[in-house]
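Okay, so chain A shows up in both of these, paired with chain B first and chain C after.
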Partner chain A sequence: MMMTDSSINLNLDKKPSLLNIFYLEAKTETIRLFRTPGFSIPTLLFPVMFYTFFGIVFSMNPATMPTYLMITYAVFGVIGPALFSFGVGIAIERGQGWFDLKEVSPMPASAYIVSRIALTFIFSTAIIVLLFGIGAVFGEVRLFRSQWITLAAIFIFGSLPFCAIGMTLGLYLKASSAPATVNLIYLPMGFLSGLWLPINFLPEFMQQFANLLPPYHLAQLALKVTDMDLGFPIILHISVLAAYTLLFVFLAVKAYHKKDKQ
Partner chain B sequence: MKSKFLIIIPLVLIAFFFLLPEPEGTNDYQSQPQAKSQSASNLQPLSGDFIIRNVQLYDGTNQFEKVDVLVQDFRLAEISRVEAEDLNFLNKDVPEIDGTGKTLLPGLIDSHTHAYMNALSEALNFGVTTELDMFTMPEFANAHQGKRDNLDNTAEADLFSATILATAPGGHGTEYGFEIPVLKNASQADDFVKQRIEQGADYIKAVYNSKKAERQHFPSIDYETIAALIKSAHKHDKLLVVHIDNLISAKEVIALGADGIIHSFMDKLVDQELIQLMLDKKAFMIATLAVQASVTQQSSVKELMQKAYNSPFLSKQQSQQLKATFPNFGIPAQALNNALQSVKQLAAAGVPILAGSDAPNPGTTHGLSLHAELELLTKAGLSNEQVLYAATGAAGKYFPIGDRGRLMKDKLATMVLVDGNPFVNISDTQKIERIWKNGVEFSRVSVENDKANMTFNAGMINSFDQQIYVTKMGKGIGETTDQFAGGKSVVELSLIKDSQNLDNQFLKVRGDVKSGFMFPWSGFSYLLGENQQMGVDLSRVKSLRFKAKGSPNTKKLSVLLFQTGSFRPIQKDMDLSDSWQEYELVLSEVNNLDTSDIANISIVRSQAIGEFEFFIDELRFE
Partner chain C sequence: MTQKTQTVATISNVGKSFGDKQVLSGINMQLHQSEILSVLGPNGAGKTTLINTMLGRLSLDAGEISLFGHPPGSMLVKRQTGAMLQVAGLPDMSTVKEHIELFQSYYAEPMSYQQVMDYSGLKDIENQYSKTLSGGQKQRLLFALAICGNPKLLFLDEPTVGMDITARKSLWKAIENLKANGTSILLTTHYLEEADRLSDRIVMLSRGKVVREGTPAQIKSQINTKKIRFQSKVNISELVAIKHVEKATQLHAENNYFELESTNAEEALKELFKHEIAISDLTIVGAALEDAFEIINNQDSTSSASE
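== the complex of A and B ==
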C-alpha cells in the first residue's frame, strides 16, 4: 500500500507535497459530501432537531437541561459523521470498486484516512456551531469562553474513536447493508449512552450497561467541563475511549489485510 | 480564492466563539464549574501554602501530640512529628502558624440536619464542613450537592442529602407544609427509593414507629413497608437510616437490616438484645441529644449562645432558631436521661455513635448545635476521643462521603484549628481560631449582628389613590399566593374608583384559594426590607392600620407577620363586613413578635377554599 516513493513520481518534475494531497483529497471529499444531501442533511439535522425538541422546547428544567443536552447532543452529533463518513462511506466505495481504484492510485493511504478525519472534523465543527448557537440563543446557555472552547475541542477530538469504529465497520460491512447497520448501531448506542435524555433518567441496569459504551464516556468527559457528570475520574473515561480506539484500529487493520487476501 | 476561504472560515469560527455568551457575575451557580475545570491553579491567589507548627493533631481516628503540618496546593502535603529529624519541609519559605497549645481537627461533620436557606454557610461558620441532611427539598439539595466536589466550594459546608424522607400519609415529615410523596404500602417502596435516587438522594431516610410501640403519636409506614424500603435501598447500593424514638421500633428496623438509627430513644433504656443486634448487623446510631434536650425543655444552648467565642458568629436567624422552643409535648425530663444512658451503653459496647444536631429544629441551629451535641455526648459518658470521632471519622466511615472527616497526607486540607485541647475539655471545639475548607481559609462571618435594621416611623404605606405596587416606605407591594410553595391559588390586584369620591381609589383583591397545598393562601404582601432576609425595625410604630371591606363570599381575612428569614408567619385573623371598616393591629399586643425585625406583612385570604374578593384602603403605620 505504501507506494508513494520515487517510482511513481518519475514523470514529475518535483515531488508532490503530501500536504497538498491531503488538502485536495479532503476538499474533494467535502465537496462530494455536501453534494450528497442524503448524508449531510440528516447528520446535521438530527442532533439539531432533537436538541431543539428535548433540550429547548420541552425542556424539563430550563436552568440546566439546555446546557446538559447541548453537550450530549453535540456528542451525538459528532459521532454521526465519524460513523457514517467512515463506516458507510468505505463500505459503499468498496462496493463500487472505488476503494480499489484509490488503492492503486498513487495517493498515499494516509491521505484517504486523513481526508476523512478532516471531513469528520469539518462536520463536527458545523454541528457544534449549530448546537452552541441554538443553545446560547434559545436555551440561554451561559458558559465561560474557556468552557465553550474546551467543549468544542473535546467534541472534535472525541470523534476519533468513532472514526476508528466507523473504519472497522466500513471494512467489514457490505455496501448494501452498511447504512442500515450503522444506523442500528448509532441510534441505540446514542440513546443507551444517555445522549438523548440525561443518563440518570434511565433505569439502573441501563446506566450500568452504558459503562460499556464509548459515547457514554465521551459525554461524561464533556459534562465534566460544566460539572454535570456523574463524578467518575477523567482518567477512566479517557482510558476507555483510548482502549476503544486501539481495539478498532487493530480490527480495521486486520480487516484490511483480510480483504487483501481475498 | 481558495486561500481566502481558508482564512475567512477560521476567523468566522473564532468570532463565533467570542460571541458565545458568558455567565453574568461571578457568584451565581453557573460559574462554579468553571473553577473546577481549571482546577487548583485558578485558586492560587486565594490562599497559599503554609505550615502549622507544633500543633496537636486529631486526624479523625488518631491523636498526635506534637506535629508540623504542611499544606501545599490546598492539600496536606506533609504531616511530621516534631521530634523526627528528617523533616524535609523544615525550611520551606512559606507562612507559619504557631500551633502551640492548639488542636487541629478535621472539618466537623453534622450527621443529622435539615438544610435550607443559609444552613451551609452558617454551618461552616462554626467549623462544620459537611452536613448530612436528613430531609430537605430536592431543589435545594441538588443545587448544593452539585458543588461539593468543586475545589472552590469554600464558602459553605458540603452537603449530602436524603432529599425527601419516606413516611406514611400524615406521618412525621408531612407536618411542615411541603407536599411530599408518601408511602401507603410496601408495594410502593421500590418506586419510592428509585425516585429518591433519581432526585439525587445520597442515602435514604425513613420514619418508622412500630405498631407495638406504646406511643402512637403519628401515622407510620407499616412493618412490611420499612422492610421493603430497606431491601430496595440495599438493592440500589444506598444506605438506609431510620428515624425512631423508641426501643421496640429500633429493634425491628435493625433486625430488618437498616444501616443506622436516628435519635436515641427516650422511652426506655437500651437492652442487651438491641446492643447485640446492632453489633451483629454493624449498625450505627446517629445520636441527636441536642434536639432531645430541647424537646424535653432541658436545653443548655442559651449558655452556649452567650459565650464570647460563639455569640459574635451567630446570625440573627440562628439566634432565633436557638431561642425557639418546642411546644411542651409532656415528655418527662427522665426521657433525656434515658437517651443519654442508652448512648453511653451502646458506645461502651462498641456500637458506632455519630453526632447529629437535627438543626434547625426549635432550640438548635446549624453549626453551633453540633458543638452542643458534642458536649452532650461527653455528658452521656463517652470519652472525649469517642466524641470527636463521632463528629469526624465515624461519619466518614459509615456514610459514602469520601475522605471527609479525616486529615490525611495528600488529601484536601479541610480542617479547623481550635485553641486548647478538646481531648481534655470538649468545649474547646468552640474556640475556633481558623477554618480551612479545601485548603482555603474561611474568614468567620460576624456581620449580621452589628448591622442594625432600618427603622420605620409612623406614616402612610400606600393610600392606593395612584397605584398599587410602589409604597411610601419599604420595598413595595406584590401578589402572593401558595404557588410560591407549590399550591395553585391565584390572585389579581386592581384599583377601583370610589363612586362617592372620585379622587379616592382603593385596592381590590380578587382571587381563588385552591386546595393543593396544606396551608393555602392568596392575597398581597408588603415587603418592608430589600428582601425576605432583611428586616425592618418597627418598634417605633404602634400599630398597622387599614380600611377594609369584605364581600358576600369573604367575611374574614388574615394578616401574616413574617420575621426576618422565617417562613412561618404569625397569623392574625380579622372579621370583615360588607361596609368599609377601620382595622388596627397593635404590634406590641402580638404574641412572640419581635417588632425590631419584621420582613414582610401580608394580607391574605386563607380560611376557606374558593373564590374571594375583598377591598383595602389607606394602609399605614401609626
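== the complex of A and C ==
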C-alpha cells in the first residue's frame, strides 16, 4: 500500500538559479583564499621573485632573457594556483568531511569546478599583471599590444589542463600528503619543462623528456608569440595539452562518481 | 483520511557489505511526513552506513531505497534534503553568514536568513570566521547549513556531539519546531535521553540488523533497566527471590555491596523494603544505552540459541 502524495511531489521541479550559485561559490572561494595569506602570498610572490632574480637582476643576456623568462615564469606562475587550489584544496576538504557535505548538498558539481577555475583565473591574472609590469618597467621588455594580449590569453586558458590535473590529484591524494605531493610534482615539472632556465640550457636527454610534460608545451606555445620557441608546430603543443586535459578530466570524473569511497 | 501517514522515505530489504563484512542486512523501514525517526545502536551497528546509503553515497548490494519516489542521491531528492554529517572541519576563512548564504543559494525556496538564525542561535557570531568557532558552535553552524534550504527531509547524524546542555536543549527545540512545520527527520544519536525526548519512533540497529522498532515508550519498556546498589549483610539468595528483581550480584566478595537489576525499580525497592532488609549507601542508576544494547543483544542471542 504505497501512498504517493501529490503535495510532496508538487514542487520537486523548482530549481535554484545556477548563475547565482556559480557567482556565490566563486566569490566565497576567492574571498576565502585572499584571507589565507599562507596561500596567496607564496603563490603570487614566488614567480615574481624568481623572475626578478633570474630574469632581470642576474640576466645572462639582457636582450632576450627578460622576455623569455617573463613568459616561462608566467607559465610557472599560472600552473601554481591551478594545481594548489584544486589539488590541495579538494584533498583538504575531503579530509575534513566538508567535501562530503557539499556532495550530499544540492550544490551542482559544476559550481564547485567553475568556482575554482574562476579563482585560478583571478590568481593567474594577478600574476600575469605583476610579471608583465616588472618585465616592461625593469626588464625593458618591448612587445606589440597584440603580443601582450595573446600571451595573457594563452597563460589564462593554458591553466585549464593543470586545473584538471589538480582536480584529479585532489580527489586521489590524502589531505596530509597533498601539499608535499603537489609540490613534488609542481617544482620538478616546472624545472624540467624549462620554466626556470631556458630549455636549451638543459642536456639533450632532458630536452627529450620535456616533450612528455604539459608545462613544456604551454611554454613553447607562448614562446611562439615572440618567436623564441624551438620551432615545433603549434598543433603538437595544443594536442598534447588537450590530451592531458581529457585524460585528467576523465580520471577526475571517474574518481568523483566512484561510490563507496571511504 | 491518510494525510498523516504520507511516506517520505521507504527502505526495503536493504543490504550492504564492505568486502566480507556484512554491514547492513535486511533493513526495512519507512519515514513518514512530520515524523522524527531515531536510529540507535552501538558503534559499528551500521547507523552511518545506513545514512550514507540514504544519501546516495553508497551503492546497495540488495534492496531498494526510495525518497519522495526517487532514488537517493538524485538532484531532485537533494533539493528537498538537508544533511548534518559528522564533519571534522569547515573551510576556515569564511564567516558563519557567508557559509549559510552560500548553502541557501543551492535551494529554490530557502528558509529566510532570519529564521535560520532563530533556529540555530548563531546571530551573535554571524560575522566570525568558522576557524574561531568552538566545537558546539561548529555543530550549530552545520545544523544551520542542514536546515537553511527548508528541507522536507532532514538527516541529523549525531547532531548534539560536543554541545553543552543549553545548546543541546535549544537544538531540540528547533528540531521539534521543524517537525511541527512538516519536516521529516532521521536522527542518529548516542544519547538515549535525546532519542527519548524527540523521537516518534526508534529503530535499534545491532550488527547491521534492526533488532527493535517502536515508540520510545515501547523501546524503553524493554531496555529501561535500572541498577540498585547498596550495602547490606543480607544473603544473596534472599535478594534473588524479591519480586521485580531480574538479577542480583554481589559486587565484591569481601565487602557487602550488592547490585540488583530491575526494569521496575520503584516496585523492586518497595519489595526490598517490605522484606525489611537493612541496607545502607543506596544508589540507583539508569542503564546506559550501551548497557541496554548489551541486554537486548543478550536476549537476542539467547532466543536465537534456543531456536
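Operating definition for what follows: the second predicted complex is superposed on the first by the 243 of 262 C-alpha atoms of A that agree within 3 Å, B and C clash if a C-alpha of one lies under 4 Å from a C-alpha of the other, contacts with A are read in each partner's own complex, and residues count from 1 in each chain.
Please note the rule applied: contacts are C-beta pairs under 8 Å (C-beta built on N, C-alpha and C of every residue); 3 or more make two chains touch, one makes a residue touch a chain.
Just so it is clear, the model here is predicted, and its values are computed rather than measured.
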Applying the touch criterion given at the start, work out whether A:Asn20 contacts chain B, chain C, both or neither, answering first, second, both or neither.
second
Once the shared chain is lined up, is A:Gln207 touching chain B (first), chain C (second), both, or neither of them?
neither
Identify the partner contact of A:Thr150: answer first if only chain B is touched, second if only chain C is, both if each is, neither if none is.
first
Determine, for the superposed model, which of the two partners chain B and chain C contacts more residues of chain A.
C
Taking the superposition as given, does A:Gly97 touch the first partner, chain B, the second, chain C, both, or neither?
second
State whether A:Thr30 touches chain B only (first), chain C only (second), both chains, or neither.
neither
Let me test your reading of the model: by the given contact rule, A:Ser105 touches which partner, first (chain B), second (chain C), both or neither?
second
Touching both chain C and chain B, counted on chain A across the two superposed complexes
none
Contact footprint of chain A on chain C as seen in their complex:
2, 5-8, 10, 18, 33, 55-59, 68-70, 73, 75-76, 78-81, 83, 85-94, 98-99, 101-103, 105-109, 129, 142, 145, 149, 152
Residue numbers of chain A touching chain B in their complex, please.
125, 129, 132-133, 136, 140-150, 152, 200-201, 204, 224-228, 231
For chain B, which residues are in contact with chain A within the complex?
13, 16-18, 20-24, 30-34, 36-38, 146, 149-150, 194, 197-198, 236
Chain A residues touching chain C - in the complex, by the definition given at the top:
2-5, 7-9, 11-17, 20-21, 24-25, 28, 31-33, 35-36, 93, 95-98, 100-101, 103-108, 259-260
